[in-house]
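The following pair of complexes shares a single chain, subunit A, combined with subunit B in the former and subunit C in the latter.
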Partner chain A sequence: MTDERAVGPVTDAESVEDLLDGVRDEGLAGYNYAYLDEHTKREVRRGVLKAIALPGHQVPFASREMPLARGWGTGGIQASLSLLGPEDTFKVIDQGSDESVNAANIRRLATRTADVETTTDATEASVIQTRHRIPEEVLDDEQILVLQVPITDPLRRVDGSDDANRQRHAHGNYSKMWVALYENVVEYGEIKLSSRYPVLVDDRYLMDPSPIPRWDVSKLDDADNLFLFAAGREARMYAVPPHTDVEPLAFDDRQFQVERFSEQACEYCSSEDTFLTEVETDDGNRRYACNDTAFCEKRQTDSELSKAHHREGTDHAWGPPTDPNVPYETDGDREEHRTADASRGEEE
Partner chain B sequence: MTVLSVSNLSKIYGQSCGDCVEHTGSPVGGNQCPVCDSVVACADVDFELHDGEVLGIVGESGSGKSSLAEMLALESDATAGDVRYDAYGGNLLSADYRARHELRNEHIGMVHQHVQDGLELSFSGGGNVAEKLLAAGWRHYGDIRERVESLFRETEISVSRMDDATETYSGGMQRRVQIAKAIANDPGLVVLDEPTTGLDVSVQARVLDMFRRLQREQNVATVVVSHDLDVIRLLADRTLVMRHGRVIETGLTDRIMEDPHHEYTQTLINSVL
Partner chain C sequence: MGYVAVEAGEDVIQRAEELFEKQRVAGESEQVSVEQVDEQFTRLTAQAMSEGGLYAPRLAAIAVKQAQGDTAEAAFLLRAYRSTLERWGSSTPTETVDSFTTRRVSPAYKDVPGGQVLGATKDYTQRLLDFELTDDDGIDPTDDWDVEAEDPPQLRNVMDVLREQGLVHDPAGDSDGGEDESTDETEPFDATRDPVTYPAPRSAILQELARGETGAVTALGYSELRGYGQVHPTLGEVRTGELPVTIEHPYTGDEVEVTSATVTETECVVPIYEKSDDPQFSFGYGLVFGRNERKAIGMSILDAAIQLDGEGPAQDAEFVLDVVDGIDSFGFIEHLKLPHYVTFQSILDRIRSIRERTTAASADEAPAPREVNADD
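Take a look at the complex of A and B:
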């Protein structure tokens, strides 16, 4: 069977450029808008709606083969392409950067097949696809954040049996995960899971927030925007709708803690309130830079720029520590709580 | 006061033809149905257990002891029967998942015959015991540590080994961790399935002494399943003798040991003595 979109018909090309132009034009002509066929998009949207209706619950969907390998964001791109329309503005982040090869490729696929505008500015995008990070700037109720997910079930950390884990989710039986946290405290003195921190969504389902750092976990709680999580390989998606309670699991006397950078600042913009990437240089020194490169660029021109600069009012808390006007519990405050708890215990 | 009341409890493995109970038992010399090949692990078991009492269940391998223990600890489903437990209103066997989960974690403790059924060997000993507390809703790390430490002391396990992986523990220690886990939430009923199997004689004696002390202190109703008559003699106030899934004799342990009525019980006791 021959494919009319193949290179074959372009026989009068005078240069390689002409040949490639021909391939590009002919190749895209046969594809549906936003790459996926309409049936697939409907199927994914149905999954999205069900996921929104059951916050934190893993919903199966018919994951398709995509023109990128499993593990490179096939779930995220299916969710994004099913939602994008010509009026949308699309941003893709890969571990905080807009410029990684994977982010650039996903962005190019969306531009060429869905004809959307793209941006690196988190405040301008209507749909943001991301891997391993939530932007530093506060998102609003007009925006959707699509997170790429490698492992859908937080319980797989403690039990490899998906069958047993689904029963645990059905019955809300998460004691095994609590034991894993207990063991973590025994080992490190506090819960130090570096990523995929288990969170309880809407006081019902335990959810894997994808490999975002602990720094970003608190952004999920009572946010204005919709979070969608999609895993192409596992063919499952889940969601945190706007203004949903998302609580990281922690003990009463061992509270949830984010990463600390011991008073380090970004090398480029001097920010101390952003998630920093640590780089060890050849001479053995450590240097720090903002992980969210797009926001770092803004901070380089305005070092006082708040994370909610585009929002009215100051009551938009977003992760640790956010606007100077929004109080956030620092380590110092926690220490005070701990001391107070201890003295209360003695009184009893 | 009656803690546990069991009547007509039956367990059949396999697709029963409906007449398995009639086709099996002592008259035919086995518990496998000749018609449908189902195995009748328990048939029409009746007994009562009182506050602070220890009931021994003894019998040869395959007589249905462990199946009975697992049903009482809600670890497996019964085919038929009625089990009343004072911490639950109604037939225990028809409790839904949530009720069973709560009962298993807060009101019934079990020591499994096989360590890997009762413990997660990759977790620390303390973590295994903490699991029971966490399942019962404990969320204060300091309180959990304190309780686990006290349980380790009660079950005579070195507190300094609390944070080591359970797989590095000796067989006797693993059995003690199971006992610590079983009594963690002060349950009203403890089920011990072959508590000393696989342990050498001196360790057996220490584990049994320790359990007897705990049982007396806490006055907890206990079901002990064992094929070892010495264990039953040491722990049990009353004893049920099982064969082919049926209770063939029941009575005070001393009476069963000194004056067995049933022919099979006589053989069993004579073969040991």
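Take a look at the complex of A and C:
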């Protein structure tokens, strides 16, 4: 099948030396537009279409070696480069930051080979590649969020074999995962999974949403934008198309919980409705700051800015605690919960 | 701003690259030329080609020089370059007996057809540091040898002797159930073009082993010998030589030799019988680019072990193939250097929450430290 393609040479260099000269050029002459050859990009796009058609299902694709180390976003960059055209605006974030070295490196590859405009503004980008975060600002139906994935299968937590796990997915047999969560509750009183929280997509496939914090999980549900997940090392991709039901696994008496910041606010913009990360300072203090640095900068000039400020006609923001549909437990609620637990314990 | 974690821009990356490059050129001695690497560090370039899955000695020499001798990095450079190239076609299958053999030893027999050819090896040399290398006079120790020009030896394959006696199991006759992929000789699986799923055809397993990281292939093969498996093979032969690469001429249809590749090949038999009514040796095969005997032997052990499909760790094809690739493992191991503060914040939230709960539940009992999973 792979031999039937008819694709022209990727380079018209006369010799290896010419080719090497090309590599030394700033614009990566000698390489195809957007680095990958056209056949590979077509293959990746076919995988993307299949992934969209089967929400949450892991589609194998022949992942190529990229000029980035495996595990550093090679799946994401293959998906991005296959989708990008010269008209696109590209944003890259790594753990919430546009300025992280790895994000800068990926952005540099895209600008050098695909000649795209780049931005740090999540509302301006047509394609956003991200590692472990979904932006605070709501994405719309013109945008694609490409998430880098280290581990493709949520069932890997309970069984290392992909062969066995593929059969479980085929049968919709997620009992081992449920038992693992139940054992968590028995052992710790609550589910101890932090990021990479398993979600059920369209009531069919169990999916690893990549190591986004639980804070971002609700954003996957019934979103306007397309989410693409791509893993280069594991050669799998999957998708959550717009307006798909995505539900984190939880029990009736043990609700899904997002990260809480116990009434902390961002050091810079004073936001209390964004995902914060803490830092221990040299003088022994602990401070909190917005993880989404680009949105934090906007909030610093306009502290009232809504996460849906750019979406005319709707003010429906996403994520806790801005989305009224997403439960965000205050510490008070937790106290009640704990008291209830304690009294139940006494009855037993 | 000291407490905003690892952040930098493109200029910082550029400077880091330049510092790395400076390490290579900062010494007082003359720069090593690509030709010198190609001719004098053939083991390094061979390992890079083998793990990179691209036979290109000169490109490998550039990669080794650029990577400052790091074979994993050099193999990675070759692979990343290779992935931008079109695959034009396949060479025709070649018999290794047609190779120009420079070394062939057979541990199975004292004497074999064609004889034992020791070739160039340090196997029987005492491993003493040669301090005379500090004043390398460049004298060729074989200058005064009196060697008559001979035709290149074409050595009969030792394993064929056993095969003729019907003693060796033929893996090509195996079936993984349903369609017998392994007997389809027209088009072997290409893991660089198609993702491997399990059960994988043997051609995919052999390809992935041949591209495996030398240390990983050696270690996993050793695990079988060390007691975590049963494969303790007898090597039919270990061979190094120049293997002709032939293709079908696009116009005439004739087979023409276009180049040759240095390869190391091993065939082994294992006294674990495939069938009790017709006992035959299990068979393992190893072939790697360049001179790398430990990897070829390790590969043959793993091939035999995987065919057994038993309980040992090296007998599980999925386990072996998932961990044997150096590009995958080094990339993911080193990715742990990347910032992880989002995921770590999420982990902190969990451990604090669980500790609070434990403290509240048993106020007079000190909470035991719990393991929190940081598996990303």
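Following the convention adopted for this analysis, the second predicted complex is superposed on the first by the 289 of 348 C-alpha atoms of A that agree within 3 Å, B and C clash if a C-alpha of one lies under 4 Å from a C-alpha of the other, contacts with A are read in each partner's own complex, and residues count from 1 in each chain.
In the analysis below, contacts are C-beta pairs under 8 Å (C-beta built on N, C-alpha and C of every residue); 3 or more make two chains touch, one makes a residue touch a chain.
The structure displayed is predicted, hence computed values, not measured ones.
Colleague: Assess the superposed three-chain arrangement around subunit A: do subunit B and subunit C clash, or do they fit?
Modeller: fit
Colleague: A:319 in the overlay: touching subunit B, subunit C, both, or neither? Say first, second, both or neither.
Modeller: Neither partner.
Colleague: If we overlay the two complexes on their shared chain A, which of subunit B and subunit C does A:251 touch? Say first, second, both or neither.
Modeller: first
Colleague: Between subunit B and subunit C, whom does A:233 touch in the aligned arrangement: first, second, both, or neither?
Modeller: In the superposition, A:233 touches subunit C alone.
Colleague: After lining up the shared chain so the two structures overlap, which partner does A:171 touch, if you call subunit B first and subunit C second: first, second, both or neither?
Modeller: first
Colleague: Once the structures are superposed on A, label A:183 by its partner contacts, choosing first (subunit B), second (subunit C), both or neither.
Modeller: First partner only, subunit B.
Colleague: Which partner reaches more residues of subunit A, subunit B or subunit C?
Modeller: After superposition, C is the partner touching more of subunit A.
Colleague: Under the stated touch criterion, which partner chain does A:55 make contact with: subunit B (first), subunit C (second), both, or neither?
Modeller: Neither partner.
Colleague: Have a look at where A:154 lands relative to subunit B and subunit C in the superposition and call it first, second, both or neither.
Modeller: A:154 contacts neither subunit B nor subunit C.
Colleague: If you stack the two complexes on chain A, which partner ends up touching A:135: first (subunit B), second (subunit C), both, or neither?
Modeller: neither
Colleague: Using only C-alpha atoms, work out how near subunit B sits to subunit C after the chain A superposition, in angstrom.
Modeller: Superposed model gives a least subunit B-subunit C C-alpha distance of 7 Å.
Colleague: Could you list which residues of subunit A make contact with subunit B in one structure and with subunit C in the other?
Modeller: Touching subunit B in the first complex and subunit C in the second, residues 345 of subunit A appear in both lists.
Colleague: Applying the document's contact rule, which stretches of subunit C touch subunit A when the two form their complex?
Modeller: The touching residues are 2-10, 12-13, 58-59, 62, 76, 79-80, 82-87, 89, 187, 190, 192-199, 318-319, 327-328, 330-335, 338-343, 345-350, 353-354, 357-358, 360-361, 370, 372-376.
Colleague: What part of subunit B is in contact with subunit A in the complex they form?
Modeller: Of all residues in subunit B, those touching subunit A are 97-98, 101, 105, 120, 123-124, 126-128, 130-131, 134-135, 139-142, 144, 163.
Colleague: Please give the residue numbers of subunit A that touch subunit B in the complex, ascending.
Modeller: Checking each residue of subunit A against subunit B gives 171, 173, 175-176, 178-179, 182-183, 185-186, 251-254, 345.
Colleague: Which of the residues in subunit A end up touching subunit C in this complex?
Modeller: 2-3, 7, 9-10, 16, 20, 31-32, 35-37, 39-40, 60-67, 69-72, 74, 94-97, 99-102, 104-105, 107-108, 131-133, 150-151, 157, 160-163, 166, 188-190, 192-196, 211-215, 233, 235-236, 257, 259-260, 275-282, 287, 289, 291, 338, 341-342, 345
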